[in-house]
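Two complexes, one shared chain (chain A), two partners (chain B, chain C).
Moving on, here comes the complex of A and B:
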């Protein structure tokens, strides 16, 4: 699971008011190369929750993203590379996503998060 | 990539080994899948460099077609772990990146507007009435920011249009073409070897966006 996917998933348990962002528990992280696509990254930057990405990538062991970012930084190739790495190249292969409100764990196995709910959570 | 080439690649994919009747697991055939994604890309520019989601992705045919046509990030959602495993192997086989999430589309929780395009072949609702409209509603109201491509039985055309425009706030709902869908004889209650039904390929645009 890439951190771009993490940036859109939320906990869907009944009664949870604020299920975003899910915390990450790392078992194993893998990296896969993705060619730099500056236009795509610019579009994404406008839409994603950057703070959540910074925290998530730190949890995954990558701390090079600046804490704060603004659109003008998208002109810098150095920043684009870091963004590309954090957003698309890091994968949570094993571990869990954790509901920020209830602490319920959604397991991630072979890169696939299981967000299915138990009967009493729907 | 040429249409024929895309269809050929999709034709080589592994399909459901033990289809589960309650989830309406029948594969979106290579003919339909290739035309669906080819049209989305070449007539509307909704695929390359986009973030694409495949709802009820099964063995991944539609999402993988999007990846082959240059989508930057593709996520497939399905309720069934066995199908997702086949889909992941299909992605490895094609050497493309596709992500997967196991979930029930009906209670998907979501943040933001990152997904541009949704492609889906929802359950037609023959097992559980309204299953197709559940998918459409989540796609249009919760997740997609630019467009939704979906297949629905031609016999339900008026109902689909009304539901999309009135209940799901779609800005537009357009039938792009009518296709023949072979539902193979996977299940005992299908008497004929193959049931060939007419389906519409729809393109919806959600509200408040482009």
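Moving on, here comes the complex of A and C:
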């Protein structure tokens, strides 16, 4: 699971009001190269919760993203490379996503988060 | 030059996972036929609901992956075995999609709303007794409940939520699902539609429908709603005038 996906996921348990962001518990992180695609990154930047991305990438062991970002920084290749790395190259291979409200854990195995709910959570 | 799609010999399998069949081939053929438009569409995010063997999402990733423009691919399935198989199929073709084990798009609806530019769905569309819907394993790949519409009718509102303003939805349906009725219902939500592929096999008659948001259809739908309201308003108005008549007479 990439951190862009993490940025799109929220706890789906019935009755949870603030299910975002899910806290990441790291078992194993893997890195896979992704070619830089500036236009895609620029489009996605507008949709991102950047602060959540910064925290998530720190949890995954990558602390090079600036704390604050604004659209003008997308002209800098250095920033785009960092954004590319954090969003697309880091994968949570094993671990869990934790609902911020209830503490319920959604396991991540082989890079696939299991968001299936139990009957009493739907 | 024909665009690449997934190769059958590279599709992984599992006893509890639906193998690519006529419906899967019809959907991929429809995507391939629309490939030029899809590339020109420059989607940022593509989502498949119910990826099964991974044949469709791998084909979509191959069709769109050769360009400088590379979208982000997401795929969900309720069946964990299916995601394992999808993952192996993607790997065998050298493409990547983010996989999520979930029911339809549960967990994604809040944050992914309005962001999906291309959505593909080969839903469980076979008419079955209602209690078979949502059963574990391979049954979840085909059991569609009454008229095969139970799951389709759950997916369409989710699609409406997730699709971006320029979003396209490709969905496999059967004659028994009443495809033209589906188009009329989606028109009320502001979607234009076209049956992009129709194919009769020995067992079923398949229709691949493409839906897209159309500002005019939305306007018409809103006007229809407004005139309904206005109609009600008139009814109340005439009732009031009749009442006032009654009072006047007294």
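One rule holds in what follows: the second predicted complex is superposed on the first by the 122 of 122 C-alpha atoms of A that agree within 3 Å, B and C clash if a C-alpha of one lies under 4 Å from a C-alpha of the other, contacts with A are read in each partner's own complex, and residues count from 1 in each chain.
Note that a residue touches a chain if its C-beta (ideal position, glycine included) is under 8 Å from a C-beta of that chain, and two chains touch if they have at least 3 such contacts.
The structure displayed is predicted, hence computed values, not measured ones.
Looking at the combined model built on chain A, do chain B and chain C fit side by side or clash?
Once both complexes are aligned on chain A, chain B and chain C clash.
In the superposed arrangement, does A:37 touch chain B (first), chain C (second), both or neither?
both
After lining up the shared chain so the two structures overlap, which partner does A:73 touch, if you call chain B first and chain C second: first, second, both or neither?
Once the two structures are laid over each other on A, A:73 reaches no partner at all.
Return the residues of chain A at which the contacts from chain B and from chain C coincide.
Touching chain B in the first complex and chain C in the second, residues 1-2, 4-5, 7-12, 19-20, 32, 37, 39-40, 44, 47, 49, 110-117 of chain A appear in both lists.
In their complex, what parts of chain C are in touch with chain A?
44, 68-72, 74, 78, 80, 83-84, 87, 96, 98-103, 106-112, 115
Name, in rising order, each residue of chain B that touches chain A in their complex.
Chain B reaches chain A through residues 49, 51, 72-73, 75, 79, 81, 84, 88, 97, 99-104, 107-115.
Show me the residue ranges of chain A that touch chain B in the complex, using the header's touch definition.
Touch list, chain A to chain B: 1-2, 4-5, 7-12, 19-21, 32, 34, 37, 39-40, 44, 47-49, 88, 110-117, 122.
Which residues, counting only chain A, touch chain C once they are in their complex?
Touching chain C from chain A are residues 1-2, 4-5, 7-12, 19-20, 32, 35, 37, 39-40, 43-44, 47, 49, 106, 110-117.
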